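Shared chain: subunit A. Partners: subunit B in the first complex, subunit C in the second.
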Partner chain A sequence: MSNKYRIDNVAKVEPLFNKRDEELAALKEKRASSSLKAEEYVTSVEAVKCEALDGVIELLKTEKHELALAKKDLEAKVKEIEARYDVADKAHEEGSMDQKAYEAEYKTIRNELIPLHKELLDYRKDLLKKDQGIIFAKKDKLEASIKKIEGLLKANKANCKAKEIEKEEFLARKEALEAELKELEKAKAEVKREAVANEQAQFLLMSKGQKFGYKFVRFFESIPEKVGGLGKKIAKGLKKLVINIGLFFKGLWDTFIHGDWKTKISYFIMGFGSIARGQWLRGILFLLFEVVFILYIVLFGGHYLGRLYILGTVESVTGDDGTVVYGENSFNILLYGVLTIFFIIAFAYTWYVNVKQNRIAEQIIKDERKLATAKDDLRAMVDKNFHTTLLALPTLGIIIFTVLPIFFMILVAFTTYDANHNPPLNLFGWAGFDNFAQLFKWTNSGGASFSMTFGQILLWTLVWAFFATFTNYFLGMLVAMLINKKGIKLKKLWRTILVFSIAIPQFISILYVSKMFASDGIINNAHMWIQRTIFKAADPQPIPFWDNQWLARITVIIINIWIGVPYLMLIVTGILMNIPADLYESANIDGASPWQQYSKITLPYMLFITGPYLLTSFTGNMNNFNVIYLLTGGGPKDINMFGNAGKTDLLITWLFSLAINDSNYKLAAVIGIMVFIVVAVVSLVVYNIIPSTKNEEEFQ
Partner chain B sequence: MQEKHSMGMAAKRRIANTFAYIMLGIISIVWILPFVFLVFQSFRVESTGVVGYVFPHKWGLANYVFLFSAECNFLQWYFNTFIIALFVCVLQTAMQFMMSYTLSRFRFKLRKPLMNIMLVLGMFPGFLTMIVLYQVLKTVGLTGDNAVPGLIIVYVASSGMGYYVSKGFLDTLPKSLDEAATVDGATKLQIFFKVILPLCKPILIYTILTSFMGPWGDFIFAACIALGSQTGMNVAAGLNSWLQPANISANFTHFCAGGVIVAIPVMVLFMFLQKYYVEGVTGGAVKG
Partner chain C sequence: MKKIFKFSPILAVLLLSACNFKYTYEIQGVNNMRGGGADGDLWEDPSGIDDSGTYDIKIWVDEKIESLTRSQIGSFEMAYGGKYTIKANIEPMDEGGAASSMLQDVQSGADIFCFAQDQLSRLKVAGAVSKITGSLKTFLQDTNSADSIKAGSINDTDLYALPVTSDNGYFLYYDKSVVSEDAAKNMTTLLAALKAKNRTLNFEGRSNGWYAASYFLGTGCHSNWTIDPISGKFTSYDDNYDSDLGVIAGKGIREIADASVVSKSATLSDKCGAVVTGIWEYEAAKEQWGDNLVCAEMPSFTVDGTDYHLSSFDGYKLMGVKPQVDSKKASVCRKLAQFLTNRASQLERFRTVSWGPTNVAVSEDPDVLAHPGLTALRDQHKYATQQGQCPGAWFVALQATATAIETGTSEEEIRNILHTYSAGLDALKSED
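Up next, the complex of A and B:
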C-alpha cells in the first residue's frame, strides 16, 4: 500500500498515515454515537484523507528534488568526461597524438561513460516513478476533495431543508461549491492526462523484454475493463433504445392528434395526404404499395404466416396405385412465412415513412414554403437522394438472395428437416435446440457421433487454414523477392509464367493435378518406374497420396501452395516496391546482412501492410471449398466419422456433402452457423490485435 | 584490402544470382508443366482414361472432334457459359459499382450499419443459400433446362456484397473532384457519369474481367441449379461431370481437350488485361 506512491523514505510517511488512521477512528466513534450527521461525517473523513495526502505529496516533492540534484551532479560529471573527447580530437588534429593513442583514448572515455550513462538512465526512470507517485497521490487527493465537496453540497441541501439557512444563502453556497467541484473535475482530467504521459515516458525507457512483459500484462489487465466498458455500452444502448421507442410512438400519436384530416386518413389509406396535397407521385406509390401488400397477405402470405408455428399438419398420402395426394409442404410454409415476415417489416417501415411525410408536409405548409412536386421528387432521385437510387437494386438483391435464404437456413437449424422429413412427401417440424444439443453429445447409439466428427473436422479446418495461409504467404514473398532481386533479368517473363496459372479456370487445373497424384497418375507412374529401374524393386507400390490421411493432408497443403503462390507473388510485388529504398540503403551502409534486412525491414513492413489481408485470407482458407472438393472430395473417407465425412474434409465441404448427398439439411444448417461463429470470433480477435486497422477516412 | 572486399561481394552476388536463376527455373517448370501435360493428354487418341505416361502413343484430334460432334453437349455448355459470363460481367459490374460508389462517396445515416451487415453476411458460408435458391428458382421454372437465366440471377443478385476492391479504388480519388463539379452545378448523377466513371477505367476493367471469369469456373451452383439436365449446365459443371468415377475412363481425354478450349479465350483475355488485374489484386489486398 505504502509504495503505491513510490515513496523511498517509508519511515517518514508512517506517522502521517498513523495520524490519519487515528483521526478516522475517532470520527467513526463519533458517528457511531450519532453525534455526527452522515454528510458531516463524509466531509470530515475526506478532509482527513486530503490532509494526509498533502503530507505525502510534500514528501514526494522533497524526494524528487533530491533525486534531481543528484542527477544534475551526475550530468555535470558526464559532461566533464565528454569534454575529453574534444581534447583528444584537438591533439589528434595537431598531430601531437598518433592514431593508435587516439583510438585508445576514445575507447577509455567510452568505457568510463557507459556505466555513468546507465546510472543516468536509472535516475531518469526513478524521477519518472516519483512523478508517477505524485500523480497518484494528487489523483487520490482530488478524488477525496470531490467527495468532500459532494458531501458539503448534500449538507447544504439538508441544512436548507431543515430551514437552518435561508434559500439565498443555500443557492450562493451551492453555486460556489459547484464551481469548486467543476475546477476539481478539470484538475482530475488534467492529472489523468499527466498519468498517461508519464506511463508512456516510462514505457519508452524500458528494455525490449520489459516492454513485452509490460504489454502482455497490460493486455490481460485491460480485459475486465474492456468487458465492463462493453457492458456499460450495451446498457446505455438499451436505455437509449427504450427511450427512442417511446419517443417513436409518442411522435406517431402526436402526429395523429395534432394533424389535419388528410393526415389522419393517411394513417389508414397510405398516401392519401400526399395525393390530397398535390404530391401525387409519391402518394400513388404509397397507395400502390398498400394495395399490393393487402392483396399479398389476403391471397397468399396470410395462410403461410398462420401455419408457421407448426409447419404443417396435413401429411401427403400415397394411394395404392402410386398416385400421391399432396398435403402441406413444410418447406414452402417456412419459406413463404419468412418472406411474409420480411414483407410485413417492409410495409411497417413504408407506413411509417408515409406518416412522416404527412408531418413534414404539414410543417412546410405552415411555414408557407413550397411542397416538393412530382418533378422535384424525380430530380431528387438523381441528385439529393442519388445514393438511395443507386442502392435500391443492389440491396434488394442482397435482401432477397442472401438475407432471406440465410435467415431461412438459420431457422432450418431449429427444425427436423432431413432425409426422413423431406417435403413434399413428408412434413418437418420445429425441433428447438435439439440439433445444437447434438454438438455436445459425446456418444451416439447409431454409429459415429456428430460431436466427435465436428471436433475433428473443426480442428483440421483450423490447422489447414493456418498452414494454407502462411505457407502461401511466406513462399509467395520468397518468390516475389527472387524475381525482384537486383540483377535478375527477364523479370517480366518469370512473373508472366506464374500469372499464367491464374488465368486458367481453377477447376481445370485442380482437377487435372488431382488426377496426376492418383494411384495410376503420372506422379506415381514415374515413382514406380524409378523404383523398378533404379532401385530394382521387385514389386513397387504406388504412393497413396489420396488414401493415407496424413499424406493426403500434406499433399493438399502442398498443392495449395502451387495454387496460391502466384496471387501472393502479385500482391507482395506491389508492396515491395512501396518500401522506401533509403531504408535498405542505410541498412547496407550499416553492414546489415540480407537476413537482417529481411527480418528488420521487409517482414515488419509486409506484416503491417498485409495484416488485414492475412486475416481475410485465413477466413477465406477456412472456407476454401474448391481446393479440397476438387482435390480429394474430402477423402480418404472414414467410417468412424459421422455423415460419410473424410479426413481432409473442411467444415464447408462437410456441410456440402451433408446437404447434397445425405439431404441432412438441419445439421448442414447447424454447421453453417458454427462456421459463421468461428469466422466471426477469429476475425474479431485478430482485428483487435493487428496494428494496421486503419481509419478509412484517412485515405480521402 | 578494400578492393579484395568488393571483389568478394561481386562473386557472392554472382553466386546468389545463379542460385536465384536456378530457383526461378525450377519454379517456372513446376508451374507450367501440369498445363503442358494437360495439352499433351488432350491429343491422346489410343485410350480415353487416366494413364500414367505423359506423351501419347498415338497423337490425333479425335478428342476435339468429339467435343464438336452432335453426340456431345459441349458446344451447348460452352454457349451457355458464354451467355452467362456476358450478362454477368455487365450486370455484376453495374451492381458492384452502384454499391461501391455510394459507400465511397456519400455519407448517410445507414452507411455504417449497411457495411457492417454486409460484413457479417459475408461470414456465412455461401452454400447455405443454395438449397433455398434452388427451390425458389424451381417454383418460377428457372432450373434444369432453363438454368441459364436462373444462374445469371443468382450470380448477379448478391454481387453488391463484393464492393470492397472497387470501393478501395474510389476512396483514393480525391473528393475535391466531386466538390468542384457540384460548384459547377452538376447533379450527383452527372458527377457519377461525367467525372468519376472516366477515371475508373482500371478498376472497371478489373471488375469486368473477374466477373467474366467467374462463371467459367463455377461448378457447384451451376450443377445444382441445372440439376437433372444435360443442356442447362455450364462448361465447368459439364466437364466436372466427366471426371466423376462413373464417366472418367470414357471421358478423361475429352476433359483435357475441353479444358484447353475453355482455358484459351479466358487466358487470352487475361493476358491482354493482366496489368489491370494486377493493379486490382494488389490494391484490394493492401486496403484489406
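Up next, the complex of A and C:
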C-alpha cells in the first residue's frame, strides 16, 4: 500500500492505515447492526478514508521537502565544480596553463561531475515519484468522496420510496448531490491529467533500457484493455449498424408511403419519376440500367447464380469416338456467379440512388426550387462532377480486374478445386473450411503433413525476411557511409559500379549466379582446383551450396545482399546528407567516439526516417519470389515436406509450385490467404510500434 | 485520293504476305508427297461418317519437327484426296510444356499435341486426351510395338494416346579415347578411368528420380501404381524399395556421390568423358567427340561382390487427341493423328531428326538398326523397365531419397532413408 503512494518511510504510514482499517471495521459492524443510518455511514466512511489519505499526503509532502533540500545542496555543489571550468578557461587564455594541463583539468572536472549529475537525475526522478504518490492519494480521496455522494443518492432514493421525505425535498437533494458529483468528476479528470503529465515527465527521465522495458510492459498491460476496448467498439459498431439498417429501410418505406404516384412507380420502373418530372436524361439512364440488368439476369447471370450454391452437378460425358459432351463448368459457375453478385450489388445501389433522387426531387419541388435539367446534368458531368466522370471507368476497371479476381481466389480456398477436380471435364464443389482444417491437422496418414510443412515454411519465410531486410539495411548503410567518407576518391565511380547490378534484370543475373554456385560451376571449379594444386588434396569434393539445406539458406541470404545493397546505398546516401552536420561537430567536441556518434546520432536518425521503408521491405521480402525461385527453385527438396516443398521455399514459391505443378489450386488459395493474414498482422503491429509514426519531438 | 496513297503500301504488303503464305504452304504440300500413300499406312474408318470439310486444328509439336509436321499435314490432305482441308495452327511446344499447358486450360489448348508418357494419367483425369477404341485401337496395336501401346494405355487396357517415339529412355555415351570398352561395362572401372584422365561422368543418378530409379530397378525393386479407370486417380501402390534390395541399390548410389568425378547433369559439358542421357543429346555428343563417340547400354554396379546391371526407363512419347464437342472434327483429328504417327511419318522423322520409331516396320529399317544411339537403346531395352503410370511426385520423392545418400552413408542410415521414403508414399495417393 505504501508503495502505491511512493512513501519511503513505511513505518510512519502503517499506524495511519491501521487506524483507518480499525475504524472502518467498527463502522461496518455498526451498520450491520443497524445502529447507524445509511447517510451517516457513508459520510463517516469517507471521513475516515480521507483522514488517512490526508496523513499520507502530509508524509509525502514532508519527504518531498527533504528531497528538495538535498537536491538544492547538490546543485550548489555542482555549480561550485562547474565554476572551475571558467577558472581553467581563464588560465588557459592567459597562458598560465598549457594545452595538455587544460585538457586534463577539463577531463578531471568532467569525471567529477558525471556521478553528481546522475545523483541529480535520481533526485529529480524521486521528486516526480513523490508527486505521483500525492496524485494517487488525491485520486483516492476523490474516489472516496464520489462513493459517498453515490451512497447519499441511494439513501435519498430509498428515503423517498419509504415516504420519509417529500418529493420536492427528494428532488432538491438529488439535484444538489448530482451537482456535487459533477464537480467531483471534474476534479477527478483534472487529477487524471496531472497523472498523465507526471507519467510523461518520468518517462522522459528514464534511460533507454528502462524506456523500452516500460513500453514493453505497458504494451502487454494495455492488451486486455485494448481487446476490451476493441470488443466494446465492435459491439457499439454492430449496434449502430443494425440501427442504421433499420433506419435505412424505414426511410425507404416512408418515401414510398409519403411520396407521390411518380415516386411510387419509380420503385418498380427505375427512372420513371425522373422522366415524369422532366429530368429525362437521368430517367433514361436509370431505365436503361434496369433493362440491361434484367436482361443480364434473365439471359446469363441468373442461371449461374442459381447454380452457385452447388457449383454444378451435371458431369461431362466422354464418348468412345473421341467426342465429349461437356457438363456444367464449375469454374465458370463460380466466376460468373460472383460477377452476378457484384452486378446485383451495383444494381441495388443504383436503385437506391433512384429512390433518393425521387425524394430529393419532391423536396425541391416542394421548396419551389428548380430541378436540374438534362443540360445541367451534362454540364455538371464535365464541371462540378468531373471527378466522378473521370474516375468512373478506372473504378469499374479496378472492380472487375482487381477486386473480382481477388474475391474469386478467396472463394477458391473454400472449394475442392485441384488436379482431380479440374474443369471442364470434372466438377468441383464447396469444401467449407476443410482446407483450412488441414492447416491445423497436425499429422497426416503417414508422410508429410500439410500443417507441419506450412509451419516450417512460415518460420523460414519470417527468418529469411528478417535477415534479408536487416543485412541489406546495415550493410547498405555501411557501404554508403564508407563511400561518403572524406578522403575516398572516385566516389561516383564506386557508386556507379554498385548500381550496375541493379541495371541488369534480376531474372538474368540471378540465373547465372545460381549456375556459378552449382557443383560444376565456376566457384566449385576454382575451389577444387585450389584444393588439388595448393592443398594437394587427393579427392576434392565440391561444396554443396544448393544441396545442403543450411548452406543453401545462408548462400541465398548472402547473394541477396549483393542484390539489395545498391538500393539501400542509394537511399542511405541521400538521407545521410540530410543529417545536420553540427550534431556531429558538437559530438566531436564532447569527445564522442566514432561508434558513439554512429549509434547515438546516425542510427536513430536513419531508423526514424526509414522506419516505414524497413517495414515495407520486410513484408516485401516475405513475398520475394524472384530471388528464391531463380536461385534454388525452393530446393533442396525434402521428402518429409508436403507438396514437393523444399528447404528454401517461401510461402509464395510453395504456393506457386502447388498451383502450377500439382494443379492444387485450393491449397494454393489457402496459402495465399494465410500469407495475406501474416503480412497484414506483421505490418499493423510493427507500424503501430515503430516511433516513426509517433511524435517527432520525442525523437529529437 | 491522298488517303489511298497513304494506305496502298500497307495494303500491298498485306496482300503479298497473304499470297506468300499460301504459296509456300501449297508448294511444301506438293513437294513432300513421299509421306503419303496407302499400303497399310492409312487406317480405314469403318464408321462411314461423312466428315469431309474444312477444319481449324491447333497442333503442338516440338520445334524440331514443326516444319516437318506442316509438310506432313499437306501429305495428309493429299492422301485423302482433298476430302479434308486442314487449317493447321502449328505452335512449337516441347512435350513438358504441352502437357502442363493442357492441364492448365484444356479448352483453349491444342487439339493434337505431343507429350511424354508420364503425364498420361494427369492428362486423362483433366480430360485432355480422348480414349481410342475399336478398329483404330486394333490398327495401332498391329502396327506399333507392344511396349509403346502399353505406354499409351492406362491399366494396360484403355488406350489414350498414339505412340510417336520409343527413344525416351536413356543409355551411356562415352569418349572411347578416355574410357575403354571394358571399363565402360562397370561403374567402378568407368569412374576410375574417368578420374585418371581428370574427366567427369555426367549422370543425374543422385539428383533426378528418373535416373535414380535405374539403381533400384536394377536390383529388382518395383513400384507399381494402380489407377482407378473411371476417375483416373492413383488408388493404391505396390512398392518394395524399402527392402534389402533397396539397400543394395542405396549402396550402389554411394559410388556416384563422389562429386569430384560425377557431375549432376544430363547434358554434355567440356569436362565430361561420359554422360548418361537420352537420344536427344546424340547430335551434341557427335559434335563433341566425333569419331570417339560410343553409345552403349548402361553399365553394371557392384555391391558386396555381386554385379547388378543398371536398369533404365523405357520412355515413349505419345500424341494425344483432345476430346471434341463436334463429332466430325473429332473424327478428322483422329485420322490426322493416326497419319502423323504412321509408318511413313515415323520414318520421315527418323531420317530428319533421328527420332526412334515405335512402328514395327520402321524399327526394322536398316538405317534405324544401324543408328548407334538407337542400337544402344535396343541393347539397354533388355534391362529396361516400362515406365508405367505413377504420380509425378513419386519422382521427387525418389530424388530426395537418392540425394540423401552420400559416399559415407552407412547401411543403417540407408535403411532409415528408405523407411522415410516408403512412409511418404501414402501421401502420394490421390486425395478425394
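What to note about this one:
Everything that follows uses one rule, which is that the second predicted complex is superposed on the first by the 485 of 700 C-alpha atoms of A that agree within 3 Å, B and C clash if a C-alpha of one lies under 4 Å from a C-alpha of the other, contacts with A are read in each partner's own complex, and residues count from 1 in each chain.
Throughout what follows, contacts are C-beta pairs under 8 Å (C-beta built on N, C-alpha and C of every residue); 3 or more make two chains touch, one makes a residue touch a chain.
All values derive from a computational prediction rather than experimental measurement.
After alignment on the shared subunit A, the placement of subunit B and subunit C results in a side-by-side fit free of clashes. Once the two complexes are overlaid on the shared chain, A:Val685 sits clear of subunit B and of subunit C alike. In the superposition on chain A, A:Leu241 makes contact with neither subunit B nor subunit C.
With both structures placed on the common chain, the touch criterion links A:Ile310 to neither subunit B nor subunit C.
Once the two complexes are laid over each other on the shared chain, residue contacts for A:Leu603 go to neither subunit B nor subunit C. Once chain A of one complex is fitted onto chain A of the other, the partner contacts of A:Ala176 are absent, as it touches neither subunit B nor subunit C. Of the two partner chains placed around the shared chain by superposition, subunit C is the only one that A:Asp320 touches, whereas subunit B remains out of contact.
When the two structures are aligned on the shared chain, A:Lys637 is found in touch with subunit C, with no touch to subunit B.
The partner that reaches more residues of subunit A, of the two candidates subunit B and subunit C, is B. Contacts of A:Ala83 after superposition: neither subunit B nor subunit C is touched.
Once the two complexes are laid over each other on the shared chain, residue contacts for A:Ile114 go to neither subunit B nor subunit C.
Least inter-chain distance for subunit B and subunit C in the combined superposition, rounded to the nearest angstrom, is 5, based on C-alpha atoms. Common to the subunit B and subunit C interfaces on subunit A are residues 518, 520, 528, 660. Taken together, the subunit A residues at the contact with subunit C in this complex read 316, 318-326, 418-420, 422, 424-426, 444-448, 518-520, 528, 539-542, 544, 547, 636-640, 642-644, 660-663.
Touching subunit A in their complex are the following residues of subunit B: 13, 16-17, 20-21, 23-24, 27-28, 30-32, 34-35, 37-38, 50-54, 95-96, 98-99, 101-102, 105-106, 108, 114, 118, 120-121, 123-125, 127-133, 135-136, 153-154, 156-161, 171-172, 174-175, 187-189, 192, 213, 216-217, 219-220, 224, 236, 239-240, 243, 252, 255-256, 259, 262-263, 266-267, 270-271, 274, 277-278, 281-283, 285-288.
Note for the complex: subunit A touches subunit B at residues 331, 335, 379, 382-384, 386-387, 390-391, 393-395, 397-398, 400-406, 408-409, 479, 482-483, 485, 487-488, 494, 496-509, 511-513, 515-516, 518, 520-522, 524-526, 528, 562, 566-567, 570-571, 573-575, 609-613, 615-616, 619, 623, 625, 629, 651-652, 655-656, 659-660, 665, 668-669, 672, 675-676, 679-680, 683, 692, 696, 699-700.
Those residues of subunit C whose C-beta lies close enough to touch subunit A in the complex are 47, 100, 103-104, 106-107, 122, 125-127, 130-134, 200, 231-233, 258-260, 263-265, 269, 271, 321, 323-327, 330-331, 333-334, 392-393, 396-397, 399-401, 403-404, 420-421, 423-428, 430-432.
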